[in-house]
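In the two complexes that follow, chain A is the common piece, with chain B as its partner first and chain C second.
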Partner chain A sequence: MATTIAKPELLVGKRLRRREDPRLITGTATYVDDIKMPGMLYAVIVRSPHAAASIKSMDVSKAAQHPGVAAVFTGKDTEKVGPVPCGSSLPGLRVPHHYILAPERVYFVGHPVAVVVATDRYVAKDAADLIEIDWDVRGAVADPEKAIADGAPPVHPQWPDNKAFTHHQEGGDVDKAFAEADVIVKQRITSQRLIPTAMETRGVVAEWRAADRQLNLYSSTQIPHLMRSLVAQMLGLEENRLRVVTPEVGGGFGSKLNVYAEEALMGFVAMKLGKPVKWIESRRENFLCTIHGRGHVDYYEVAAKKDGTITGIKLLIIQDLGAYHQLLTPAIPTLSVLMMPGLYKTANIRADIIGAFTNCVPTDAYRGAGRPEATHGIERMVDILAAELKMDPVEIRLKNFIQKEDFPFPTATGLTYDTGDYSLPLKKALGMVGYEKLRAEQAEKRKKGELMGIGISTYGEICAFGPSPATPAGGWESATVKIDPSGKVTVMTGCSPHGQGEETTFAQIAADELGIDIDDILVLHGDTAIVQYGIGTFGSRATAVGGTALYFALQDLKAKIKKFGAFLLESDDATLAGGVVTCNKTGASKTLQEIAGATYRAMKLPANTEPGLIATHFWEPTNFTFPFGAHIVVSDIDRETGGITIRRYIAVDDCGNILNPLIVDGQVHGGVAQGLGQALWEEAVYDESGQLVTGEMTDYVLPRAHMMPWIESDHTTTPTPVNPLGVKGVGEAGTIGCSPAMVNSVVDALSPLGVRHIDMPMTPEKIWRLVQGASSQEPVARMGERL
Partner chain B sequence: MKISGSHTLQFPPEKAYTLMQDPDVLARAIPGCESLEKTGEDEYRMKMKMALASFSGAFEGKVRITDQTPPQSFRLLVEGTGKIGFMRGNGLLKLAASGAGTEVSYEGDALVGGTMAAVGQRLIDGTARMLIKRFFEKLGEEKAASG
Partner chain C sequence: MNINLKINGKTHSDDVEPRLLLIHYLREVVGLTGPHVGCETSLCGACTVECDGKAVKSCTMFAVQADGANVTTIEGLAVDGKLHAMQEAFWNEHGAQCGFCTPGMIMASKQILDRNPHPTDEEIRMGLEGNVCRCTGYQHIVNAVRAAAKAGA
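And now, the complex of A and B:
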């Protein structure tokens, strides 16, 4: 088949449909659970029903003798497997040893203590029920503020204060700013625990080929290469003997940016038994045992002048870490500190973090990872300050924005914002929503006692993670481009996607650079035996860092194509365009296909040139990128039911250059859904004894299609100079911009009733109580308590 | 979780108290109770079946009676584990004459864990109330049968 050449128009910037979607929507994609191997065994994990307990005795004999059971392993068997890794390092960080199976003590409900391996998943489950464990139940603590208070039961006995770390950061002269302030506003703001709930739960298949000394691990992960490095260490296996394959990944949102006990555990089981083994996480396990997000209690103080100029910010974060550090657990709140000034020109900041151990599943990165918390905090505080000074929330924002000419802007928290024009998206959003008219309507409604709110958030975020010195495991990304002798192109990216559409966007980049048809390009990822190495997909980095690595690999290849083409044409003045090298003097030309064939046939080679057409580039960014935007929510509140109706949702995002507007829209929509989820519905609730009482979807309210507003999405474009594509990243923007806009809208609606702040989720019951004049901070009664 | 309430029985406190200390009567009156076996002074081993929403399971546990002040009050301590989780409860039952009958009031704490807590939390309170109501109704039937 001939390679199509001379493509008429550029694809970057086009609203191209995702090439990966047909297989996804026709049910023909391959997920971990679709992998079947001869002789495969199935594993079920036995987990603690207690939040804090010791194992007095465990009897697995009945389970081991159950027909169909191949083996039962407990914490005693796996004690020598390395601990589940914590990839963050903070000074003085206390890192508990995180066994893959707890040999003696358990620290949260769901803590794995044994694994049953059988011929069938259901047999394994039946056998698991036969394991008898005698528990010595201990006192547990599930609330981070209670955990660090005197007299709380210690999560880990060696650290009775339950503090994993404290972190202090200061910029400017905060004391002076507060001493000279005209007004100081204070507020406690929580960002509740959330359950990431990827549509596909986690899953692992492990296959040990003893004769080849090769372990193949299939895992639903965002980071196949980091997983290979870390799991190899845990198992004491040479890294080159472990292959991690990531087939289709049905969502991650950060919850699969991790290495869990189960990957090494399945590797251990496969190596012990010499048979392939599969473990698929159940939804209940997913709720109990996969990381949660957020879990902040924040204490804010903002100092300002009478005219609304913000002069200083103080922030104390109490981070609910859970019982252990997963890969990035302690690092997440430090990202909140970095983003605490938001888009505002404040030189004076002070931040303290107390990382609190609790008897809960660990928290870690969840869409936005630290930045939604920070944005929610500062955007709430700016509104609270505006209310205090009787200023319009638009006016106070415009007054404090870092100005266009201030970039690159060094923040008080040590970042350098790349580019921005923060008033652009705000003004565009105000125009779209018809701000003046809405305020007039609101004034009329208030006279009649009707509750209508207009909420604004102007968010900034850190994307394109990131320069290597600022990340735990390297912040570069890699790409290989291979052109076959037939001229067909294969792109291999280290950014293994889980829904980002890189098979489309990366092909768009390659098609434009090489001037060939997109159908001639295959994008491969998620297999450590195929892809050179990679960091992974998280922190809105895939396009900005991985796409840039691809861009540079393509430049190398283009130079070689041109050199080879000119050589074949015997020309010293040739141009590469549209997949063809043309001699500018004779007009003679060679197609990419002809050139590719000649580079491999290698009958004649240009001087100092190797055969073949393959280029690999590892790209190290010099900075993060800093997208921004404005979201506006217009809401109406029903006084009788406390129900919130979103009348308008405006999202104007500036993520730099846009490669594919359809994919950007998708990211914004998904992000907003998760932002609204936090603002209105979702909350992981542990009771006092550490039981997760929102253990399934009837109790944990995820947004569904009919609950979503129509999102009016638009963009402004401020490219970044950090990468040649000018892209900033948009994977998390929707979530970050959304929750403060939603809460600001409802607080604005209820402000005539004296409401100044509402903690999320803003359930109808909470709103109804506020309307009825009840205390805003009362815990929400569960249904049962009203029976 | 706090559980409290009251129930009126159509017979005097002395009779009610005696019935509630009789393992055979209790075995029949406790909903789902499959066996109640005396293991010591005021201590019993109990097997019961419980259904909560879409799932049900067998429980094995201990029942202890303490602080007896016949016929006014006693304390009940229950502990059970099963495949769908575990529960622990501790309640004080007070009996007071009310006309010809008895007003039984109870107040206690219950703790549940495991799948039952994660999945059935919303329903536990309602289920507990229903089970208690059934228990007292059964007790009334036992009285009628025993005269």
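And now, the complex of A and C:
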């Protein structure tokens, strides 16, 4: 049976259903917790109930003697393992030593102090309850602004000011811009701590094969190769003796773009006991101990001319870092600074970051990672400025947009925006929503005292991380394509997807390039023993960087196929198309299958040509990509309850060329859900003593089906010149575009009451208070304005 | 305690601890790892299975409570390798991204149509209230349920 049929129809751009789905919809996919090994033990971790304390004494004897318990380890046993790595470097950054189990002092609720290993998870839990710890509780601080104020309890005693770093960046002449401004608007804007809540919690299975000196680590992660390098270091194991496998990964959103204590800890336990061991994070642990996102307090000032031209932006970010740096913790707010001008031309910026230690779990990358905060800030400020100048929010945006002919555009923050036409998605979105008519309706409603809002955000984001010099661990991505003797194709990608559908999109790319049936292509990822070194899936990079690596590997392979085919045909003028090499003179042809077989049998080889058909390409991008778009939210507010009803949600995104519209829509929907989550419902709340009040799903409100509006999504297409696929990335766009549109909508609705800013989440209670405050003739509540 | 029950058409008889949750029994004793644990506190629906025709969150039941019951898990939906219409619809409409919520979502979605073969979008959304998906924003899931209803699932 011929493997390769001439296949003229191109798959890139088609709404194909996904190739990874059969295992997901039948319940036969393998996630970490589905792995079972002979003799496997279960680990339960004992954690601090206090945000700041010292261990006076710990008695593990009862736990150790409990029937079924194999071992108990404490911080004293694991002192030499680690530390948990921080991958970002900023000048003068203070990096506390992050033990995998705290030997003496704990710094946040959930800080691990011991691990109990037993024959089953119920027994391990029983035994964990028998550990007795005498604590010396200290003063804690959970609020970043309070942490950096005088007299706050020091999180780490060696740094009493609680400042991990300060960062300053400046472009243009800000002082002049502010001195010459017609108007200056100021606002304090918060972007609250969020809990990423991947539906699959983290989990690790470690298996030590002593005779082979081989550690197999199964982990739910976005970065198998980086994890391998870092965990090997933590354990003092040679890197080639560690294999990291990411089985099916049940969501990450940045929370699994990390290396945590538990990966090294399970490796340590498996090596000590010589038995496989499994640890699965409980949901409560997930809320307490997996990184949180956001955690910004931002102070904005914007200078402008009377006609609405923005001339300068000042920004002070107080970043709640938590007690430690996880992999990228301190780097996240620097991304906010890079994107602070948004889509606007402003040449003059000044930004300062104060990284504040708090007695909370570390913050780190969560969907958008620094860019949602930046977009939220600038898009709110533009609306505040428009209100001040009594301009329409559309008009002020169009006035300040970087224009189509300005690209590549050097920003005041040192980036070069690749390409754009920012009015395109805005105009499309306005058309979809029927803007003029809605404004007329709103004017009518206002006369009757009804509260209706139209909120716009025009966002830009930085994606496809990225050139290596600008990223902590290499910004390239890798791909290998193998063609077997039978002509079947295997693609191995260094990015490790977890729901983004690359088994489908990458197969689409390969099918088109090789001109073969998509069913002849298998995409593999997420196993360091099979796949060449790679970076991972995050920062909307997999398709733009990993897909491009694949594209180039395919070009190398195509050149070899063509050369071999021509050789077999004894032709000096041949073409490769549709999986067939044809001699242009004689019309004779060889299929890919015939050529593949010949390259392996290697009876005759063209000069200077190796047998086999395999190509690996490591692709290093020259720039990031900068997708953009416009989101519009139409909302109605209930005066009696403070309830917000979203009447319309429009999302027009420009992510460049689209490989699979079905998957792109899914990414936008999911992104918007997380953006609305932040705007309306979600907030990680710590009390004064550092207890996480929202420590369970009961208290942390996640978007559910009945809470979500229908999302009307559409696209404009401005391909990037940065990669030959013209793709820019879309994984985070929905989240980034969403929250400012939502807040702008509600502020617009309440603007007749004098409201000009509302901090998130906009709970009904908050809205109700604003409405009540206004109707009881009290001075207008200007929430959050403390500058 | 000894329990006897039918799971996906097969009879099972096991000795279990009274405190063993049904989800752990299914996953660890029977070896059906399709139903997932997303919260253990009855809030996410990842563990949803059918027990005597009713969708239940198997983390809120002890295995012993399922004694004598007829249980269907996601693994039992496809018959002779032919996908259930709801599975097919989730595939066609891209109702799954990471797939972790999916087995529970499909079981809950099937229940919606079992009770009401022609639900409105709002009824679909209310019917999915007990199931959390962090990836899809639910829109493609709603589309899937709608498509399955149309196909007469």
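Quick note on the criterion: the second predicted complex is superposed on the first by the 770 of 787 C-alpha atoms of A that agree within 3 Å, B and C clash if a C-alpha of one lies under 4 Å from a C-alpha of the other, contacts with A are read in each partner's own complex, and residues count from 1 in each chain.
Here, a contact is a pair of C-beta atoms (placed from the backbone, for glycine too) under 8 Å apart; a residue touches a chain by one contact, two chains touch by 3 or more.
Only a predicted model underlies this, so the values are computations on that prediction, with no experimental measurement involved.
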Original post:
Thinking of the overlay built on chain A, is A:D182 touched by chain B (first), by chain C (second), by both, or by neither?
Top reply: neither
Original post:
In the superposed arrangement, which partner chain does A:H498 touch: chain B (first), chain C (second), both, or neither?
Top reply: second
Original post:
Looking at the overlay, what does A:T197 touch: chain B (first), chain C (second), both, or neither?
Top reply: second
Subject >> When both partners are placed on the shared chain, which of chain B and chain C touches more of chain A >> reply: C
Subject >> First (chain B), second (chain C), both or neither touched by A:P22 >> reply: second
Original post:
So, A:M708: does it touch chain B (first), chain C (second), both, or neither?
Top reply: second
Subject >> Touching partner for A:S689 - first (chain B), second (chain C), both, neither >> reply: first
Original post:
Counting only touches as set out at the top, which of chain B and chain C does A:H50 meet: first, second, both, neither?
Top reply: first
Original post:
Touch check for A:F287: first (chain B), second (chain C), both, or neither?
Top reply: first
**OP:** Check whether A:D33 is in contact with chain B, with chain C, with both or with neither, and answer first, second, both or neither.
**Re:** second
**OP:** Using the superposition described at the top, list the residues of chain A that contact chain B and also contact chain C.
**Re:** 696, 698
Original post:
Along chain B, where are the residues that touch chain A in the complex?
Top reply: 1, 83, 85-86, 111-115, 117-119, 121-126, 129
Original post:
Tell me, which parts of chain A touch chain C in their complex?
Top reply: 17-18, 20-31, 33-34, 36, 122, 197-201, 248-253, 280, 282-283, 498-501, 662-663, 665-666, 668-674, 696-698, 702-706, 708, 710-711, 734
Original post:
Which of the residues in chain A come into contact with chain B in the complex?
Top reply: 49-51, 109, 129, 284, 287-288, 687, 689, 691-696, 698-699, 782-785, 787
Original post:
Okay, in this complex, where on chain C does chain A touch?
Top reply: 17, 19-20, 27-28, 31-41, 43-44, 46, 73-75, 77-78, 83, 87, 90-92, 94, 96-103, 106, 121-122, 124-126, 128-129, 131-142
